[in-house]
Amino acid sequence: MGSFGHYLATHLDTLKAEFWLLFVGGVANGLLYAMVAVGYTLVYGVLRLINFAHSEIFMSGGFAGYFVLRAMVGSTVPSGFTSVLIIVLGIAAAGTAGAAAATLVERVAYRPLRRRRAPQLAYLISAIGASYFLFNLAGKEFGHLSISDPQPYINHTVFRIFGAPVLMYDLIILVVSVIMFVALDWLVGRTRLGRGIRSVAQDAETASLMGVNIDRTIAITFIVGGALGGVAGFLYGLNIGVVYNMGFVPALKAFTAAVLGGIGNLRGAVVGGLLLGIVENLCVVFVQAAYIDVVAFGILVLVLLVRPTGILGERLGRTA
Amino acid sequence: MTADNVFDVEHVTLRFGGVVSLNDVSLYQRRGEILAVIGPNGAGKTSLFNSLTGVYQPQEGTITFHRADGRAMTIIGKKAHRVASAGVARTFQASRMFSALSAFDNVKIGAEDHRGFGVVGAMVRGPRTRHDDRRSDEKTVELLRFVGLADRANVLAASLSYGERRRLEIARGLATEPEVLLLDEPAAGTNPAEKLDLARLIRRVRDELGVTILLIEHDMKLVMSLAERLYVLNFGSVIAEGTPADIRTNPVVVEAYLGTSAEASA
Amino acid sequence: MIRSFLQRAPIRRLLVVFGVVAVIELITGPPGSNQYPTSGFTGSYSEAASFFGLFRTQRWVVFLALALVAWGIVELWTRYGATIRARGSSALAGPRQASEKRPVRVGFALALLVLGILLPHILNNAFWQSALVTYVAIYVLLAIGLNVVVGFAGLLDLGYVAFYAIGAYTTAWVTGALPTPPPFGHPLDAFWAIPFAVVFVVIAGVLLGAPTLRLRGDYLAIVTLGFGEIITIFANNLYGITGGATGTKQIPHPVFHVGPIKYSWGLAPVPYYYLALGSVVLFLVIFSLLQRSRVGRAWTAIREDEVAAESLGINPLKFKVMAFAVGAASAGFAGVITASADNFLFPSSFTLTFSINILVLVILGGMGSITGVVVGAIIIQVIQAYLNHTPPSGYQQPDLYIYVGALLITMMIFRPAGLIPSRQRRREINLYEKSHEGHLDEVLLGDDV
């Protein structure tokens, strides 16, 4: 017991010393998870299905952004207005690619089955097939090795919180994700489109009787979730680089985040993402880096077994 | 609380979130009795059934099931399959057959014992398994004959007519050798001739097999001709109890029904 | 004007066929790389190719021609498909009925068994003899096991590889090839790993299944996937127990030694083939007996309507766990055979990809249909062995998974019950979908209202 006490004491000291550093990193990761988690939650809301191909939507965004950077970033690292322009273009390309990939997945792997009212197992399998197809195709076209993104900005410390540096990268994630979450909240909560999405989530049958076009609503849901996922892929790639299977682990964690916050609940997805990102980063102090992924899966399994409705509850239909 | 009762339901309250589905319901059923529960839509009849069979877990009150051998079982807190194995069988409002299986297999699944562990036993087909299997087959044939579906044994459940499916569901429930059979709107969707057959069948189940019957039904003619005693539920509470004659003239019941449903006038 | 033209059914079908052919062109084209990430695209469309040996031209010309031919076939099928199918099924009705008679089935199975026994001698070729074990028999064993879980009980398990890994690691442990000391303190023959492996995987199946099998289908899939990943991470990192990322290379060949009978397996693949074939036959018998037993009927009942099954006294959790554990057993067997035949194991071979590959074998043949699953597994694995042995130009090993993904989607769209469906499963799917029958055209395109 003595050695365990010692272990805990030293690690708690480290945690105290590094807390804000890990916290900032955790928030940045968490916001990325949240952007992907929103995609799971949106699709789950309207279809009651987990989109197993969402990881490849993330990957598509990563590669689209990479190609923009490859074309625009020269031999020197740009700064100022050029940086902003390149990042905005990257985001636009990644969002478009994500939305396009999501539309493709919906058209090919979901819609034909919906026409037939196929059982749930069939959707899961066809979505897994779509995911498999897309990431292995990416592997064929772009090789199986990781490619680092050309850096479009100088990643300096912008300011400090309690001594912990907040880098340009963290700031970009924060700004972009907050803008997107606010826009999404407005879209789902205040617009006609959003009403459509919410009514389908609540009761598709009734919604269709009320004149909501179900097919169109589902397609739009995929587009919105896909765009966010694509942008998240781009931001993730900026730091880590892009590779054909880059989507797998972040998507699984984002799914964990969605379940943690209560799947079907948009705000829950954001809360869950932040929570998972921070907890996971703080765990770095206690467990070896190799086991960090185990922590996330452990949380997923635990939440599903103990409280499958998540922290904020499955507010199906009353999204956002 | 006499040993003659099969069910003693005392002060049962069932809530879903803020909605009270059953509100302080107390009732009992005597062994061998044909008892009916009636009430307008949403009165809590099916909730009561689901509470009696372990599908729902009411937050308050007790439900005791007295078995013929004298043992008593508390139902609240038990899983549905445990309640079923103890001798409470049921049918469903929208009949839930195994539609891709034949009528025979539907009943046979009910007739089989699912309690032993038996991976090896089930595979090896030793004398015991073979004996059990033959017994299940015999029981199945017998029950199909009893409900009048002997000639439909090899037909897919999905291809049976509505009335036939109702009878098949009764046979499947009886295959578990229950002491009580709970029938959730057995006559829904059947034509007048089928209704008559069904009423006759239900009475035979009680008279010939000695199975106690608890019934939810909307068709008043059927209920009044079949039930020996009735409870009336409205908004989750028992508002009246008595013989068909009592109920027909009870002003509270008439009030409840005229307010909500026209079926009652039948 | 243009819009209404584009929306005419044949034109829409033409566009879809063009799209599909363009994708096929891409996936059969030359690969790109991380340095030249666009070369795959450009090469796929512009590279020179021979037009059926007649003349050389650009790839896109060849595929354009193919697309037009494919469109013609689709149009003909739309027009005459229903008649052809009706005629086909009435012509097949006789043989189909005959094939369902018991003596015919048993005779057929025996003939196949004899063929299976003679096969390595017919294929007098070193590659194919070893491929029979490493590509075919092992995978058939895995596929029929996963079929119990997915096909019989209707549970989507994406962590099936975990049981295979447990089988393989148990073999390494029992034979003393791991840093962990073997049971009873001294190494045993690899053959004795079989009982250990079976016990371990069954225990693992129960431990994993008991808490998770209460979950709904899609959650179950994700949780099993998570478990599969956790197992790989642990195998990769627990150096002191599993040997870490390098695994082990010291697993001995098995020896069967009971009383006077002694047989040692060596480097030659054919004896392993017989070991694997024997296991396949054993599990085929076990699983088909189970399917026809009351346990099999209980699985069917749960798959069709869990609430109704429970009302008949069936404990769904118990039977699901049973399916998990029983299905795991054959994976444990497969793990033992692979580990002892290869003499090595690496944690990197036990990935999600592996689980999904097995799932594909089950789905192609037909979930729930033992015959279908065996046939499906043989077809895919023989193709895979062939492609790896003599890869066509531009083909890399992981490309197979692109085809696998496409196959999964195609099967779910057009033939969800599989190539040789179990009658039961086909009926279930048909009944489920009957309320909304899809016309081929509608299925292909969806109708925008």
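Order of writing sets the labels: A, B and C. Residues in every chain begin at 1.
Everything that follows uses one rule, which is that a contact is a pair of C-beta atoms (placed from the backbone, for glycine too) under 8 Å apart; a residue touches a chain by one contact, two chains touch by 3 or more.
Small disclaimer: the values here were computed from a predicted structure and weren't measured.
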| item | value |
| --- | --- |
| Chain occupying the most central position, where position means C-alpha average | C |
| From chain B, the most remote chain by mean C-alpha position | A |
| Gap in Å, rounded to a whole number, between the CA centres of chain C and chain B | 43 |
| Chain A and chain B: spacing of chain centres that average the CA atoms, whole Å | 49 |
| Rounded Å distance between chain A and chain C, as computed from the means of their C-alpha atoms | 30 |
| Residues of chain C whose C-beta touches two or more other chains | none |
| Contacting residues of chain B [partner chain C, same complex] | 53, 55, 79-82, 84-85, 89-90, 92, 96-101, 105, 108-110, 112-115, 118-119, 122-125, 129, 132-133, 136, 156, 158, 172-173, 175-176 |
| Chain C - residues contacting chain A, complex | 26-27, 31-35, 37, 40-41, 154, 156, 158, 211-212, 214-215, 217-219, 221-223, 225-227, 229-230, 233-234, 236-237, 352, 356, 359, 363, 396, 398-399, 401-402, 404-409, 411-413, 416, 429, 432-433, 435-438, 442-444, 446, 448-449 |
| Complex contact set, residues of chain C against chain B | 286, 289-290, 293-298, 300-301, 304-305, 307-316, 319, 322, 326, 424, 427-428, 431 |
| Chain A to chain C touching residues, read off their complex | 49-50, 52, 63, 67, 107-109, 111-113, 115-126, 128-134, 136-137, 139-147, 213, 215, 248, 252, 255, 259, 288, 290-291, 293-294, 297-298, 300-301, 304-305, 308 |
